[in-house]
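See the structures that follow.
Each of the two complexes below includes subunit A, the first together with subunit B, the second together with subunit C.
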Partner chain A sequence: MSGWSVTEPSARSKWIAGTLVVIYTVITLLPLVWIISTSFKSGPDSISYPPKVFFQPSLEGYVNLFTTRTRLGAEDFAALPPPETWYERIVRQQGMVIAGPSRFGERFMNSVIIGFGATFLSVFLGTLAAYAFSRFRIPLKDDLLFFILSTRMMPPIAVAIPIFLMYRTLGLSDTHLGMILLYTAVNVSLAVWLMKSFIDGIPREYEEAALIDGYTRFQAFRKVVLPQAVTGIAATAIFCLIFAWNEYAFAVLLTSGKAQTAPPFIPTIIGVGGQDWPAVAAGATLFLLPVMVFTILLRKHLLRGITFGAVRK
Partner chain B sequence: MAEVVLDGLGKSFGATRAVDAVSLTIPDGAFVVLLGPTGAGKTTTLRLIAGLERPDSGDIRIDGRSVLDDTPAGRDVAMVFQQYSLYPHLTVRENLAFPLKSPLLRLPADEIARRVGRVAEVLRISDKLDNKATRLSGGEMQRVSIGRALVRSPRIYLMDEPLSSLDAKLRAELRIELKRIQADLGATLLYVTHDQIEAMTMATHVGVLDRGRLVQFGSPREIYETPVSTYVATRLGQPRINVLPAGLFGGAPPGAAQIGLRPEHIRHDHGRPATVRRVEHLGDQTRLHLVLDGHEIVTLADVHTTLAPGDSLPVRPDAPLWFDAEGRRIATGV
Partner chain C sequence: MTDTPADRLARATPPAIARRVRGLGDRAIAWIFVAPTIFLLLAINIFPLIWTVRLSFTNFAANRPGREVEWVGLRNYERILTDERIWANMQTTAHFLFWTLFFQVVIGFALAWLINRRFRGNDLATTLIVLPMMLSPAVVGNFWTFLYQPQIGLINYTVELFTGIPASSFSMLGPGGLAKWSIIIVDTWMWTPFVMLICLAGLRSIPDYIYEAAEIDRASKWRQFWTLTVPMVLPFLMLAVLFRGIENFKMFDMVVLLTGGGPGNETLLASIDLKREAFEKWRTGYSSAYAIILFVTVFGLASIYVKALNRVRER
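Then we have the complex of A and B:
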């Protein structure tokens, strides 16, 4: 059975659309596949030419990522007792011994603290500000909103030098708090604008009903507005996290030691014992995971239009 | 339940006077209906009483005490909105329980369950209690919305055209239901509508608003039989009252400029001949559109009338209403 339909695309256009989607997916996933497969290659496999598609998988990259290693003289190396653990064995196969743990774990945790901290703060402040902008009569409201947006009209790095000097004076350089505040400052304008449009979409009648039902304004906000703004909060949080998580320039400039995040750290792996591509790839792969997991967890909120149909327009 | 007094209440939005010096006493246990066209200030009056708007002037007293400084929650009123504003993230049960769980009431769980169950039964939504509020039909949503007001025992219920979004059958059912509930509870109710059947059947008192001013307040019968003006007279009655030049039939009292004829004021036995323009068979009534000296008159005929367009029919007024040039009614002592 076939025939023309308004809602049902024809078999031909479905086929074309499907093909385009597949091609696009392959193109966008290729770098990801490359990074992930490199992270499971051995050192020689990672730089072989032509590149190996099929290879003996190895955890060498991950072991190297989490350790620092050192080379011993031939006699000393031969005199070592047999390796006790699987990761020691992998290091020995490369002709080295483990000198100690690397700083990757620490840097990764810095990224988690700073990324999620800044995301939480941006969404928290952004939602409160957006609610105020959406619901209250505020003098110069439009100008204020434009002013907030204007902070995004230049690349943030354009103010790198003043921020660097300011942070040095305030003692915020290379601190978690400093980085959280910086990323929040960049993200909060996006959060205000995104959340304002979401909250504008929630009819006031709900809050008015709650006020009459015996609740205070803040309780009405918490019990009625927030649950309906979940979709917007999820979307805003994902955008904020992606920025804070991936940010590189300020991280290089303002962190070097205890607050250094993973992005400036991963390239430094290259210098340790030659060009260790599997370790870099392993770092990148692990670095991808939190945002991916976070996005997948919030996905159902993004797809659900929960306020649909409850107020007659 | 309580007596609610509006005293010289005024509210403007920009240059528009939405409510203009309205003074009104809603007696304890009364069912007061506010009538008026869109923009007459009906909804604003409700919102002022509920505390959602702050009046520019005047006072609102519930049980003799001014509530102007009270928050909406503190006023102890319940309101049903025209838009059935159910909380979409909650189930029907949670929606009904929401006012009872407020920090003001803090009722025990078993009491909440008991009240929700009772209201659900009255409104016939017991089988929908665990549905998400968004998974209901329009009529069900509005019943839940009314239910959310009824679970409490506030000092006054405010209802803003609660039945206007429902289909005719449901509207008729809920009309009777609401009236019964109000009578059973002895509740004080302020109800906004522009449906004259709702006003006539449910109200103990009717207030007619015109551009923010309360032009007449009285029993439905007073409003219908002794309207103060043509404006009030046209609010009630179906078909509408015919307002014609006073001289059309003669016998006008001094000062009268217009004659108001409801269908029951028009006799067909003898009088001036009018021409039948159109006959509308509505089933329970048959409307005649007549033309007399170029003026259209709408009246009622026998349901099974054989009159047809072009026929001639004698008409004469019987105890009509008279109005002066400004539309004010002239008392004739009838």
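Then we have the complex of A and C:
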């Protein structure tokens, strides 16, 4: 584009705006940078005053995250053979020995299983329902859509009480299946609304042409609409996954051992005299990093996702 | 090419009938596609909700399933609505709600306005700014307790660096009245990008020719801002406030890990109080009534708000 425009901001105003936004960006990212840098600090470095910006990097946090450790008496400790592995050496430097693996790996896997299970189910159900809402005349359509959205307004604790009782009766408490169903129920409203906004954007003419060519409605859906909706499905899936991944209230109330996910677990990582901050930060880093990557992949659809499809760019 | 009578008949049949013969009708498919979702929501949302309503009229306690359950009528509701402690929690919730929305709207709008100057790298900045809101509020909330530590925390240290107030002389999460602002800071840090993104969409939806016309009319930039930019972004801004309002009314995870409702009851938001009543004191009947009151409040406020929003949109 060439030529002068009244709506194009001046170079000076761009420069000022850019500087202010960069300042905000740096400040807002500082806590995240601090999480990642703390995860590479040793225990004493993490709690030094003044806070250390430059430090000797250490994998102590990560080792502590994945192990449980015990302290031995001074004589027993001195009598130990030299450490065989790098992680044993790191634990010995803290004056302890490895007692066994921690539960972090398990909790992380629970998050993966429950997150992907719930995402698959909610996107599957949501896509079908969204297609029907987008293409067919359904009695009370707007009321049904609003009903689906309104389930999202309930405070989780409000439904947690009967769900707790229901799951206890059905034997679903603290199971993967129970959590998958629950997260699906919470996510499906997002999946329906978001997928509807994507499917509304696919011209009907493609399907109509396919129907005239002799496809059944179901074939037209599978072979014409679904391939066109792939981007929407992927974006919806990532949003559902991030929600299930981050969820805390239901997880802390309805799971205790077997099916507990990472968010209720990470805050309980205790070291000597309080929380073991490098280990907490290491857990947080491993847990948050995938979401950061997904957010960057998702940036074009972010707006649509967070508004349930109400605002499209 | 042979043309059998069957082929001719097939071509003559209207597609609608042909479809019904060859596969499921549209209506059947519509129901098959919608039913599982509705069924799931009925089973895991509506059925529990009805159950909560029923429990709210009893004195049931989930940790004592053997005890005889008594029907107490509206007594739970009466006790909650006349309890001063509950009203104090509602005030705490309102304080949190008001100030988080206020800061998020002001900072979010300002950021969107700046980013809309379209300087080089604005896309990258947007993506980076958005990161906090996508992260787990529980995990992040927990880590903020570390940033807020009086002795070793980054926040107190930064305050000391810039103002000279000794870092150990105040505690962001401890007694002294700062805690209810500390949770507002974290929420604002986390969710300002949400308001910003929606405002940015609003700003980008304003066509250039409107400003060009205003320029020809010699309207000042200040006037253009108040008579064009603000009214056109308002519906978007209100939508953002609706989403954040509902979410923050339900706020549980981030604050429970930051303060647990303390010190004392200073940051005891309604959801946290409800969790204590339901899962620590096990007053199931009482907390069911509490839950219903909260749900009706959110739902009522949201409905009124949506009406106002629609009126602004129609203008």
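Methods note: the second predicted complex is superposed on the first by the 280 of 313 C-alpha atoms of A that agree within 3 Å, B and C clash if a C-alpha of one lies under 4 Å from a C-alpha of the other, contacts with A are read in each partner's own complex, and residues count from 1 in each chain.
Please note the rule applied: contacts are C-beta pairs under 8 Å (C-beta built on N, C-alpha and C of every residue); 3 or more make two chains touch, one makes a residue touch a chain.
In this text, all values refer to a predicted model and were calculated from it rather than measured experimentally.
Participant: Looking at the overlay, what does A:Phe116 touch: subunit B (first), subunit C (second), both, or neither?
Facilitator: neither
Participant: Does subunit B (first) or subunit C (second) touch A:Val22, or do both, or does neither?
Facilitator: second
Participant: For A:Trp277, using the defined touch cut-off, is the partner it touches subunit B, subunit C, both, or neither? Pick first, second, both or neither.
Facilitator: second
Participant: If we overlay the two complexes on their shared chain A, which of subunit B and subunit C does A:Met154 touch? Say first, second, both or neither.
Facilitator: So A:Met154 only meets subunit C here.
Participant: So in the superposed three-chain picture, is A:Leu211 touching just subunit B, just subunit C, both, or none of them (first/second/both/neither)?
Facilitator: both
Participant: Who wins on subunit A residues touched, subunit B or subunit C?
Facilitator: It is C that touches the greater number of subunit A residues.
Participant: In the superposed arrangement, does A:Met292 touch subunit B (first), subunit C (second), both or neither?
Facilitator: Second partner only, subunit C.
Participant: Find the residues of subunit A that appear in the contact set with subunit B and again in the contact set with subunit C.
Facilitator: Looking at subunit A, the two contact sets intersect at 211-212, 214, 216, 219, 306-307, 310-311, 313.
Participant: Considering only the defined contacts, which subunit A positions touch subunit B in the complex?
Facilitator: Residue list for subunit A touching subunit B: 203, 205-206, 208-216, 219, 224, 227-228, 306-313.
Participant: In the complex, go through subunit A and note every residue touching subunit C.
Facilitator: 5-7, 9, 13-15, 17-18, 20-22, 24-25, 28-32, 34-35, 38, 46-51, 125-126, 128-129, 131-133, 136, 138, 144, 147-148, 150-166, 181-182, 184-185, 188-189, 192, 211-212, 214, 216-219, 221, 242, 245-246, 248-249, 252-253, 262-264, 266-267, 275, 277, 280-281, 283-284, 287-288, 291-292, 294-296, 299, 302-303, 306-307, 310-311, 313
Participant: Show me the residue ranges of subunit C that touch subunit A in the complex, using the header's touch definition.
Facilitator: 15, 18-19, 22-27, 29-34, 36-38, 40-41, 43-49, 51-52, 55, 62, 111, 114-115, 117-123, 125-140, 142-144, 146-147, 151-154, 157, 167, 189, 192-194, 197-198, 200-201, 204, 208, 211-212, 215, 236, 239, 243, 246, 249-250, 252-253, 257, 270-271, 274-275, 278-279, 284, 287-288, 291-292, 294-295, 298-299, 302
Participant: What residues on subunit B touch subunit A, complex-wise?
Facilitator: 50-52, 71-73, 77-79, 81, 83-89, 98-99, 102-105, 133-134, 138, 141, 148, 165
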